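Quick one: this structure, given as structure tokens, is what I'll be asking you about.
For clarity, chains are labelled A, B, C and D in written order, and residue numbers in each chain start from 1.
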Amino acid sequence: MCECCNGKKDIYLPELWTITKRRMLNGTELFVHLEKDGGGDFDYIPGQFVEVSVAGIGEAPISISSSPTQKGMELVIRNVGALTKVIHGMEVGDKLGIRGPYGSTYPIESAKGKDLVFVCGGIGLVPQRSFIRYALDHRADYGDITVLIGTKCHDMRLFREELAMWDERKDMTVLETIDEGHDCWNGNVGVVTTLIPKVESHLPNSQILVCGPPIMYKFVLMALAEAKVPEENIFVNLERRMKCGVGKCGHCQINELYVCQDGPVFRYSDLASVPEAI
Amino acid sequence: MSVSTVTKEQFKSFVAALVNSDQKVVGVQAKDDKFAFGELTDADALRLDYDVTILPPKKYVLPQKETLMNFEVAGAAKTVCPDEKMVLLGVHPYDMVAINQMDELFSQGEYDTHYMNRRDNITIIVCDVVTPSENVFASSMNTATCDSGYDILLTDIGDRFVVEAATEKGEALVKTINGAKEAAAADTDKRKAVQEKNIASLNKHTLECKPSDLPDLLEKAYDHPVWEEKAKLCYSCGSCNQVCPTCYCFDVQDEVNWDLKTGSRCRSWDGCLLSNFATVAGNHNFRENRADRFRHRLYRKGKYVPGKIDGQIACVGCGRCISACTSKIANPVEIYNTLMEKA
Amino acid sequence: MSKPRVAIFDFACCEGCQLQIVNLEEEILNLIDVVDVVEWREAMSEQSHEYDIAIIEGSITREEDAKRLEVIRSRAKILIALGACATMGGLNKLKNNFDDLNEVRECVYGKDGQMPHLNTFKTKACDEVVEVDFKIHGCPIDAAEFAQIIRSLLVGKTPFVPDYPVCVECKANENICRYEYDEVCLGPIIRAGCNAPCPAAGRECFGCRGLVDNPNVEAAQEVMDKYNLTVDDLKQKLVLFNSK
Amino acid sequence: MSKDININVHHLTRVEGHGNIVVNIKDGTVEKCEWQVPEAPRFFEAMVRGRRYDDIQTIVSRICGICSISHSLVATKAVEDALDLEVSEQADLVRHLMHYSEQLQSHVLHVGYLVAPDLFGVKSVVPLTTSATDAVLKIVKCHRVANQMSKLIAGRITHPITLTPGGLTKMPTEQELLDLKAMLADCVPDLVEVVKVVLSVADQLPPFERDTEYVSLKQTNPLYKGTLSEYSFYHGDITSTDVNGDGDMPVSKWESVANEYVVAQSTAKWCKWHRDAYASGALARFNNQAEFLSPLAKTVADMFGLKKGAPGPFMNNVAQLVECAHVVEASIEIIDKLLTKGIKPEKVKVSPKAGRGHAAVEAPRGILFHSYEFDKNGECVWGNCCIPTNQNHANIQKDFDKLVPEFMHEGEDALRQKMEMLVRAYDPCISCSTHMLNVEFVK
């Protein structure tokens, strides 16, 4: 903030956070735990994202994977390009620039008392984990919790220990599948939609939360339609190219909606007249 | 605020004095066979009789490239505040309307200090159109005249200018014009005549509906064949975006200095027609078809942006995209009219 | 950390792109501050077989050059093609339009055309011979773009290279479009990054940076009609730097 | 000291001058002493065939990055000759500015970046950036001024854009010319400093002379009579120190000056006129037209004791400095002339026709000839270029033949060094005159 800005904050200026833990979840996904330099408030709600930057390299939107019930913030970053490659090379103690949190949230309030079904494809588990953990931390507030996870191959599975812990729990159901079979895998094989019939009876009265790669949505939504899930009960978490995160740069627009402000979490029924969405 | 008249000579002296002061003055000047806004160093070079400028004056509120912050590589960053004051001389009403829209877009929701500071530092002198450009259709868009945003409104009534101060800043400037006389009723009548003429005649293309009908029209036109038809010829060159006074999409890139320790984060113009505007990691392009991108621009102008600014249509009828498109397919009026035929 | 070692090599070309590096003027001093230039025939006597970054200028037209490039590739961690000759064969590919290279030899050297040292094959870009990590486009390259790309690489960032057409920069600079004078300009299909100096200097873009990834060449026929131009006019221009 | 010397400098790949030096001396007898040019041939004369008259200068500009302006200019002139096009006086003057910018840029680069290290006994300009920072910064400044001048007049630094048969696609504005003039005037003191730096190490230039025929242009355009541009880079007939004003050759007959022939040791063709070899370049121009030099240029020549008729190839480096001073002053004179008349916009309209045309200009490193023939549609059916470096090859060989016996007693290293310096003195092209002569000794 500076004198000439009428006391207004520069919305593009990141604040520094320090990496306090880092570990590879698989060959391409890095998990980092961050603490804000100088402490201070940082309030977010599951479903939101932050703009992460390394000065000199660039900036990108990244979903918050931790729950606000935790200390600090956790992100999972896939190595796909200029910025993410550099972040992958960072160590504990290195700093990331953070802006946010931005965007819409999962229906943590309106879903209270209802059953939750999470449908996660690949890295789609990352933002969903925020709500899953939040719901587990407020276990009494929600009904049944079901997590469906599809991963391309065994080697790419995320949060394996955490999944194992969830699997142990009596108060939630975790179903996993991988696209291609593997020697060390005796679970389900097939894409994530193949898990949907297994929980079909559950679906119509649940809040369904969907996040995964672009092509996944079409098929999951078809399966959910078949299962007669009302569109108001489905929430999709969408990704788009994004430069500013604050509704100016125009990149993330899907028809009239801005993923950075109207999303990334959308109620599916609101997308009926948004042909570019799915 | 005051309404006065000045002779053209008096006005030129005023511009000359302004140019000679330490104030930065930007005005319309000839550029080969066309016109462009540029820093004015000679009052004689000012051309208030221009038809249209190649680029709109948006380049002063949202420059082609601007530094948002300076940083230490992988470290902290510091805002760069635009603080240059300038007088922007000779903005046409339709361009003023476009700036007003951008003001709204950059201040609503998250307040963009970079844009807004620039804007606050500019004193705008609008001048009513003297020479209509070959593709202007401001009359169709109700932007042949404008009633806000400017500090001074200037109208050429033949031998003199009518000068209206609309803000304190404008009033202070008008006070420095030697020989300004209070406008007589006859002068303001003449001004009215000029403006009425413009309202009727800045119309080289005629939109066959009210601008306010466009959102509804577009509501039903998503799958109209015109998108494919036109976009067949689209080069995805983004010329239509670049020259448009209401296009404001941008890209952000980091640049590092030679010390490799410091650098700056810059934003620059982008365009939704460019083929990778919506490409994300894994090379997934969310708007891969030319026709989808082509349609997106016309929807932004006629429906999406209006949705954010109280229904104001984000095409001000300057006609620049019509001239700038090498494929001659970008004419919004032609497209909107085609959509109506089917409807 | 030791400075990255950079070596600059040239093949068949005019060396104008290396000259652009020299044309960084004072910035050259910055450059040699952050990298160790271990080999650069144009500017210095030293030579080395050990380098991290090899910068290749020129196109490949002879067997011995192809071999030399392969050796360079095997030594370099990063190989950068510098300029149109290296990135796409550039102007040197004009000769590929002749069916018979013998005819070309004799056209230039007459009866002496059969001398063995005149043996060449069809012009190849670097990536037609070895794997290329980055391309710096243009004939010649733009010194500022070169500097930007090198600095990006040095901080570990994938350099930003535009994949949009020249018109974008041309329009941003308020040049008057050549089509307004009914002249052919390749701007709509050629990769930007040069800042459109040709239209700014009153003439058409003749395509020295190569096509964008997805050029709409199908549109050309109809668009040329709109200006009383022909596709042949367009091809005449395109052939200069974009022959196969 | 061994009586055997084997010098094998190889791999200089480039049109205008990748060269090899091969010397075998056995028992004090020179068995082989060769200047070879093995560059990858690029066949420009073939590449222009079938191309339109207005693309020729764009193509041949790519013969050489460092003399791209000269190549573009000479090609444009040859096309104009073929198509009978007139160029306005204004355009002609502006083209002179463009040409001068290249002379300045190329000479500063050559003397400052490539020759100076030899004189200072280092391998490149890099160590000088720390040991002689001030001098290097002054050289860089002169270089930048020249480049800014090219950029303004030619549209960019290398490979000019604004040249077109019949004129120029863009004229500089009067304001731009005023700014340019100020910049040039401002550069004079720096140039003088650079001259002084070179003077301080000029004794490092080897004491070698050989009586030589020098060939250059000679002004014939009345527009430039009595001006500094009478020292011609751009117009005129071909003259030589052997003809003494009697027997100058019109440019259209350049082929009978160059008398190109192919030799086995070179892909580039060699040339001879009155003798078995001739030299072109700054020293040739100086030796033919020194009386027309600007005052500052004359002063610079005096500082080095350079006199008309100077025979030593190494003095070419000094002549280049003299020309640097000259082109700065000649540019200022032209700018004044342009400003007095005022810049008028021009539009060039050309209708193609069949014809053959010839032209010559002085590239920084010597006289440059181009000829083209066009069919009635303006498509090129034939082209022929003869570049200065080729014209100097035979002379370099003749110099070697004399230099090797004279200096072989100094031993291999010193001999090799002198031979490399000699090649560089000709400024054959940026690539050749650099220090990367890859020397191998076979013991």
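Criterion: contacts are C-beta pairs under 8 Å (C-beta built on N, C-alpha and C of every residue); 3 or more make two chains touch, one makes a residue touch a chain.
In this text the structure is predicted, and so the values were computed from the model without any measurement.
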item: Those chains which touch subunit C and also touch subunit B; value: A
item: Chain pair with the higher count of C-beta pairs in contact (C-D, A-B); value: C-D
item: Chain nearest the global centroid, as defined over all protein CA atoms shown; value: C
item: Centre-of-Cα separation between subunit D and subunit A, whole angstrom; value: 65
item: Centroid spacing, where centroids are CA-atom means, of subunit A and subunit B in whole angstrom; value: 39
item: Averaged-CA centre spacing for the pair subunit D and subunit C, given as whole angstrom; value: 25
item: Whole-Å gap between the CA centroids of subunit A and subunit C; value: 43
item: Subunit A residues counted as touching two or more neighbouring chains; value: 56-58, 81, 86
item: Where subunit C touches two or more other chains, by residue; value: 155, 157
item: Touch-based graph of the chains, sorted into line, ring, star, complete or other; value: other
item: Every chain pair meeting the contact rule; value: A-B, A-C, B-C, C-D
item: Partner subunit A, residues of subunit C touching it in the complex; value: 155-158
item: Touch list for subunit D against partner subunit C, complex; value: 12-15, 38, 40-47, 49-52, 55, 58-59, 61-66, 68, 109, 113-114, 117, 123-126, 129, 137, 140, 143-144, 147, 154-159, 161-162, 164, 168-170, 262, 264, 267, 269, 429-431, 434-438
item: Residues of subunit C touching subunit D in the complex; value: 10-20, 22-23, 25-26, 28-29, 32, 37, 39-47, 58, 61-62, 65, 90-92, 94-95, 97-98, 103-105, 107-109, 112, 115, 117-118, 120, 139-140, 143, 197-198, 200-203, 206, 236-237, 240
item: Residues of subunit A defined as touching subunit B within the complex; value: 1-2, 4-6, 8-14, 16, 54-59, 78, 80-81, 84, 86, 94-95, 97, 213-214, 239-241, 243-244, 246-251, 253-256, 261, 275-276
item: Of subunit A, residues touching subunit C in the complex; value: 56-58, 81-82, 85-86, 89
